[in-house]
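Everything on this sheet refers to the single structure shown next.
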Amino acid sequence: MQSVKNRLYQVIYETDTPAGKLFDILLIILILLSIVVVMVESDDTLPPAINKAMVVMEWCLTGLFTIEYFLRIVIIDRPRKYIFSFFGIIDLLAILPTYLGLIIGGTQMLIVVRALRLVRVFRVLKLTRYVKEASVLWLALLSSRNKISVFLFVVLIIVTIMGTVMYIVENPHNEGFKSIPQSVYWAIVTLTTVGYGDIAPVTVLGKFLAGFIMITGYAIIAVPTGIVTSQLVNESRRQPGSRVCPDCLKEGHDYEAAFCKHCGHPLK
Amino acid sequence: MQSVKNRLYQVIYETDTPAGKLFDILLIILILLSIVVVMVESDDTLPPAINKAMVVMEWCLTGLFTIEYFLRIVIIDRPRKYIFSFFGIIDLLAILPTYLGLIIGGTQMLIVVRALRLVRVFRVLKLTRYVKEASVLWLALLSSRNKISVFLFVVLIIVTIMGTVMYIVENPHNEGFKSIPQSVYWAIVTLTTVGYGDIAPVTVLGKFLAGFIMITGYAIIAVPTGIVTSQLVNESRRQPGSRVCPDCLKEGHDYEAAFCKHCGHPLK
Amino acid sequence: MQSVKNRLYQVIYETDTPAGKLFDILLIILILLSIVVVMVESDDTLPPAINKAMVVMEWCLTGLFTIEYFLRIVIIDRPRKYIFSFFGIIDLLAILPTYLGLIIGGTQMLIVVRALRLVRVFRVLKLTRYVKEASVLWLALLSSRNKISVFLFVVLIIVTIMGTVMYIVENPHNEGFKSIPQSVYWAIVTLTTVGYGDIAPVTVLGKFLAGFIMITGYAIIAVPTGIVTSQLVNESRRQPGSRVCPDCLKEGHDYEAAFCKHCGHPLK
Amino acid sequence: MQSVKNRLYQVIYETDTPAGKLFDILLIILILLSIVVVMVESDDTLPPAINKAMVVMEWCLTGLFTIEYFLRIVIIDRPRKYIFSFFGIIDLLAILPTYLGLIIGGTQMLIVVRALRLVRVFRVLKLTRYVKEASVLWLALLSSRNKISVFLFVVLIIVTIMGTVMYIVENPHNEGFKSIPQSVYWAIVTLTTVGYGDIAPVTVLGKFLAGFIMITGYAIIAVPTGIVTSQLVNESRRQPGSRVCPDCLKEGHDYEAAFCKHCGHPLK
């Protein structure tokens, strides 16, 4: 019994063994398949036969995910810790909506919960060489979160004030700017250079101000980029330099360095 | 009496005490609420009952802001300095429009002044850990303002000349390019990659030139980004110099520095 | 006979001789011409006379490319290696579609294959001073491919979940969001700040969420830029190490290095 | 006579004297005014009175510029050198179109030449503190021109091939993709994230491919940014380090450094 549990643990939780790798790849395929099912199901124009097939497929996938979920609980030593972990909750959310749909009917909110399944792919990726890269990016974002907050708040102030100004300028001549929130929405669409075109200024002054917002948006996109980049540059600068010369105790040696560049002493 | 004044000073002007923090949070909520009121009020399609409620709310908020404004003047030692400071004027502008609306009627310009209330949030943020981040960003922008001016001027020249060329190419076949200012507006919309689509070239030559402008815009966005980023990278490179000279106590030394660059004393 | 082969080899494969340079420039012109032919041919609105001229031109160019292809095979010492090399296959694909069109009729797929001819320009550029620049860029992209993969996957998750949420919010009021894949397409259009405007939110909540996605997209564009930039900065930092160790003759030493990091010999 | 010439030389060609500064500011105002005249004149919807006023103004400005042009020739020692210099030609082009308009009638091309007047502003800026900033940016662009060429060529190949593929996918269902050049135009609009929306894919496969192009464009914008940024970072790193310690001859001292950080010797 114990050996079966051990074997399953290796397959489900570990990734180094061939069986574990196979399991991970299978799981990714099933997850992506279940996302495709969610998407296709939402299309009303498809013939009912396809829709029926999607429902059947959804139940099969939910069945497999349910088995996987209970296996994960059974074979782990501390199930409580798994159940309340981030991925434990995501795993539960991956199967709950289908069962809930039986009881309370297929409400719309359940579809979003089903789309969350995509996050499960991260569990598999988590265990590979992507961890380091992801954590470098995450750290860079984390350590620049204050700067980014300040930036986002300034952006918010700009779009609120510019939106109000444009409301006053355009409102009498343009149905698109029918209220301030609508004008602020337009200002966001413009500042971020998305530019749908469903709302666009028609007065000369409005166009002049719009041009001003565009160039502002074009220039200040430099700020978040600068924040993240300088963070990443600093991080990558610090990384190689963790080796210390045993003789002069200076840091900053390259990966491939064999001798201290300051005193010429061999590095370990 | 003096102790009441002192107590109020701590609540209103300081942020370290629990009461001061509570006051700040309350103030932010009221400011955001007043912005919401301005926005909702501008929507003509809402039932009159909601509009009436907004007017009442506006008067309550203005009342509270007025009390706050006079308290700020009363409890500070040098009221004149506060009144003519940046935030003193912003505080006054936050209450004036509502009163002015009584006298001269609710002209449109007053709405913009009311939207300026959002800037008051900065006063609260000013006193927290965001100061340092904001000042780093501000310094980076400030020290690259000449470079950014040059860049913006080049952008202006490009859009003027490209707008004129497009006017000549497209005008006979396309109502959108009805005058040069309009064409310059289109060139800004295109170069900044906003792309509303309300004006778009229709001739083959026009499309060819438009493609050229787009790729130009796509490439030269690298310039402001490069400017700000290199500034931030340099700034952050200077930061780690938290080493202090044991003789002159000045900071800002590079990693590899062996002697103080200010007084020449050996660094530890 | 051998001298003719040698002479041809120098003209076709080498670029240092005047004849080789001329051949390369001629080849680039012919390739670009053949791309123009493909493009013009696709325009149905042109008079049949032009279309006929294009067909004739296409055959002339194919003839020249065929001669070039066989010359390349004949004059090289190991033809098999050339035929199965990347550019050997591209060269074959440049002539095949026209002949295949005779047999199986001008199917659409053949046009794409003909457009691939543009890649042949790279062969010529390959042999010039652009090699170093291209390889620096390529290396930077290659060494940051894991980070970029993580980023793209996060983008994919964001657009899937935001697309699903927007489908639920907008679907009852907006024909544009008729299915989840369509909503995901909209989310991509918005997050990347393309913003066609063929699909745009109409509900208040939808516009609010859209504004959120736009600002997200505006901020996270900083991430790929940061990745590539920090890679390029690091690479270029390593480049100036053109100082050569007088003992082991290895390069790549930092500015401040006093001793060779490979053999510990003092640097000049 | 000579003293008048000297005095005029100082006013027109130099910028350090108060009179020279005044002249420069006046010139900028006149140039901007003449651009405004060009723009207003192009608007057909304005009343004829305004149009007439613009024509009068144009002649006044041209008169002033003509006087300035001849003064510049007269007061300089080597007029030939000025006439054939970049700004000499620009100055001539600023006055020629108005006179040519008398002879050959107001053809459209002359408007573009008149818009070139904006470039004259650079002459004035050239003589101020912006020179250094502009030259840093210019150098950064210049030294990365090979990398940018490679990048632009790759972009060209991507849009050609993607445009051809989209032509085949969308042409039978979508009038927008009526020929390959049109599809390539769409690919440029999409890749650069401009996104007019005048042409947009309608088929499922077309939308899928479009999403792919968008994310590609979103990701590869990182490349030119990375190129320019790393160039600017390197340049700014090199700049402060130009001071050399007179004792140990090492470089890399900060602007404000008074003592060598390597040996502690006072810096000059």
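A few notes on this one:
When the chains are written out, they are named A, B, C and D in that same order, and each has its own residue count from 1.
Methods note: contacts are C-beta pairs under 8 Å (C-beta built on N, C-alpha and C of every residue); 3 or more make two chains touch, one makes a residue touch a chain.
This structure is a prediction, so every number in the text was calculated from the model and none was measured.
Set against the C-alpha centre of chain C, every other chain centre is closer than that of B.
When the contact pairs of A-B are set against those of B-C, A-C or A-D, over half line up by residue number only for A-C.
Taking B-D and C-D together, the chain pair joined by more C-beta contacts is B-D. Residues touching across the chain B-chain C interface largely coincide between the two copies, over half of the numbers being common to both.
Each chain gets a centre from the mean of its Cα atoms; for chain B and chain C, those two points are 39 Å apart. Rounded to a whole number, the gap between the C-alpha centres of chain C and chain D is 28 angstrom.
Among all residues of chain D, those that touch two or more other chains are 151, 181, 184, 193-197, 221, 225-227, 229, 231, 233, 252. Arrangement of the chains shown, judged by which pairs touch: all-to-all, with no pair of chains left without contact.
Chain D makes touch with chain B in their complex at residues 35, 38-40, 42-45, 108-109, 111-112, 115-116, 118-119, 121-122, 125, 129-130, 132-134, 136-137, 140-141, 148, 151-152, 155, 181-182, 184-185, 188-189, 191-198, 221, 224-229, 231-233, 235-237, 252-254, 256-266.
For chain C in complex with chain B, the residues that touch the partner chain are 193-197, 225, 229, 233, 256.
Within the complex formed with chain B, the residues of chain A that make contact are 146-147, 149-151, 153, 156-157, 160-161, 164-165, 167-168, 178-181, 184, 190, 193-197, 200, 204, 207-208, 210-211, 214-215, 217-219, 221-223, 225-227, 229-231, 233-234, 250-252.
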